[in-house]
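The structure appears below as structure tokens.
In this document, chain identifiers A, B, C, D, E and F correspond to the written order of the chains, with residue numbering beginning at 1 in each.
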């Protein structure tokens, strides 16, 4: 087995922000997801139950959208990207103590937006944790991962089910 | 069952940055973890195998440390905190395609540092994803969660094994 | 009439971040307000009328809270401050095409939080503008001002009615 | 009367960063203004009277220019924009205790720059407040609003006098 | 000769943000300097000659002050610090094509402010370069260094002349 | 001798972010350098001697790369730029107590990337200072300057040897 090499390290193993200047600017899209696992009462407190709906989900969605715009400040070797669209959806998964976070990012540019979608999903999930941690410290974020991507030379990707 | 209420929402369900001005400044510490699941070759490419060691782990550790300092910019209702210490450790878990990320944050202040530790762990994990995504798009981050915390009125917490 | 001098300029008229190192750390609080003037239909679209309530007010509140934390990055001579509380309230003013934004900021520190409250109010107001500008470009923000402050050596202040 | 809907909320009323990926990149320009109302002595202290001119106006202009570049970090649903020009002008209005702030922003891109001009004007005005607040806490910012915009599909706009 | 070890690396050579939680909060001050070497005409264009004085020096001073507040975002292992004072002075050195930049930073805290003073001096110097580069690309910044520091357990330091 | 005028100031000497909206988007590249002068033992501690190599150089390289992306936040009149490549190299200069930092930045855009390369070089150098300052406070950064640039209407530049 030959160990593959990381594109973000040069031949001496030094980190670099790789050259995308010669790549075509194409329409690119990525979808990422994460799951927040919590006690059923915590899920109810976040989603507002059947009666009144507070800001909790809105706060998490907005945190995710704003975090997507900060991706290149957080991930050292990410290129700055002019995002053309970001959405974050949060839905309880029926009959489980789980919230499903789905983040979508799009751009027209020279590099993909996987990291922007993943960053949005993770910060939205952590924001839910922050708001509920006083009642449920054992909450966890799990299966933070890319769901699909399109655009760019490396081709489309859809996670195997 | 009474649904508990979120401290970060007021009685109308509106988001607020809660008052910590009356809390004592005590020494606080939190440890968070995350796991990065990948193909064995990917783990080898990141950790550098047996021969030479590149910057990959250093980049991820530094990204986590710097992200901890950005927590209050990312999590909308977090208080700004003068962190006194941050460390990020990344170790392969023997015989599995898994990297274990452990982030520790400390402060002397009026509010806890759980979110700082969690943010550091998640950004370190996503940075590993970023560097290796060209060779393994299916990598996932899982079990991002609080391991323990100490300091503050709410008492110490250690995750049940 | 003697022209008073600005504390933020030295004797040569050069900008400086003034020394607060000798000031006592006391509990400080400031309240600021702003009014958003718009068409009645715009107000209805923002507040959601009687039927369903969207995220618009939540987005603006959160934008204001997050902006308060960025004040020292925006206002060149402001000191960085560890805010202990921030709230933003937005209410329609009855029988007028006006939304009233009220922002409160608190800290325990060596310098006041007026700029934090004013920044929160202005960014919350501009966020409302952003969301509604496609339907009402003529909206305006007016009477952005300090309502009251307390704490610190310069004494308390309450705006004359 | 049908209440118009906000483009920044989806059909469930959830905040989103709307898709501009299909819009043409055209030259776009926006001008915004704000007025700072103060005591005549305060205006004199800021503008430097007839004798010597300090940094106060320069600080406010630069704060406005730098804030324009931060707009997408402050306004949650704003797209990041590569600004090609920003200017901020501050002039006393003759015979009144008023400073007139005018900010202009330009880009070649897929979305307008109204928010950038408004953000520049508001932060320049608040920076004037910051520097003079020790001598005049009752200063207010008023009529923060769009003066004109051009470029883009929604057509040109000039505020009615 | 024993090679000394870097405090910012642990025993495995891994970067860490070192623990300052046990250090006393004392008053700390640092002064740094830098020199900008340029053609005499460039110096004249920056300082405004004998007739009128533009914003150039003010822009550079403000850039330095604002950069000091960003130090912990720029220098990975720096602790966030609540600066209590920052000043930047820029003076032409008589009979040379040189501008002397002096930055002073102060805090009351657990860690020193050398990096804040150095960051302020370097960004002020680079801002001068930016404004004059169209007329003098060969400008250089030299002797960017600590002049003195006081406060903290490591004792005072004054650069040898 | 006619004093040349600074492009970044208008005819009244007021700072402005100059208009680049009419310039062509071309491929642009800049290389900057800086030297860190230190005691030989300090150089050895940073570069790791002959035995084991710690993170010090990696931390400085990454700090430089991340700082390049922050240039328009630091230098007030810089345009935001979508960097397509950034690298930072750090090498000891044989037989001297000196480290040579070389930063390269590239973009496809309407304005040059000299400031991005210079910012990367200076922050990498200051990060080395930060990590080693406890053992060698007298370290200095010198000859921070542009080495070469290409692309854009003003033509190519190579520093005279």
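Heads up, the rule we're going with is that a contact is a pair of C-beta atoms (placed from the backbone, for glycine too) under 8 Å apart; a residue touches a chain by one contact, two chains touch by 3 or more.
Small disclaimer: the values here were computed from a predicted structure and weren't measured.
Note on connectivity: the fewest chain-to-chain touch steps from chain C to chain E number 1. Any chain touching chain A that also touches chain F appears here: B, D. In this assembly, F is the chain whose CA centroid lies farthest from the centroid of chain C.
Two chain pairs, C-D and D-E, are weighed by contacting C-beta pairs, with C-D ahead.
The chain with its CA mean position farthest from that of chain D is B.
Per-chain CA centroids place chain E at a distance of 15 Å from chain F. Centroids built from CA atoms put chain D at 32 Å from chain A. Those residues of chain A in touch with two or more other chains are numbered 14-15, 53, 55, 58-59, 61-63, 66, 70, 73, 76-77, 80-82. Contacts between chains form some other arrangement here, matching none of path, ring, star or all-to-all. Across the assembly, chains come into contact as A-B, A-C, A-D, A-F, B-C, B-E, B-F, C-D, C-E, D-E, D-F, E-F.
Contacts from chain F toward chain B in the complex involve residues 53, 55, 58-59, 61-63, 66.
The touching residues of chain C, counted against chain E in their complex, run 10, 14-21, 72-73, 76-77, 79-82, 109-110. Residues of chain C that touch chain B in their complex: 27, 58, 61-62, 65-66, 68-70, 80-87, 89, 106-108. Those residues of chain F that touch chain E in the complex are listed here as 1, 3-9, 12-15, 41-42, 44-46, 48-49, 52-56, 58-59, 62-63, 66-67, 70, 73-78, 114-115, 118-119, 122-123, 125-127, 129-135, 137-146, 149, 154, 157, 159-160.
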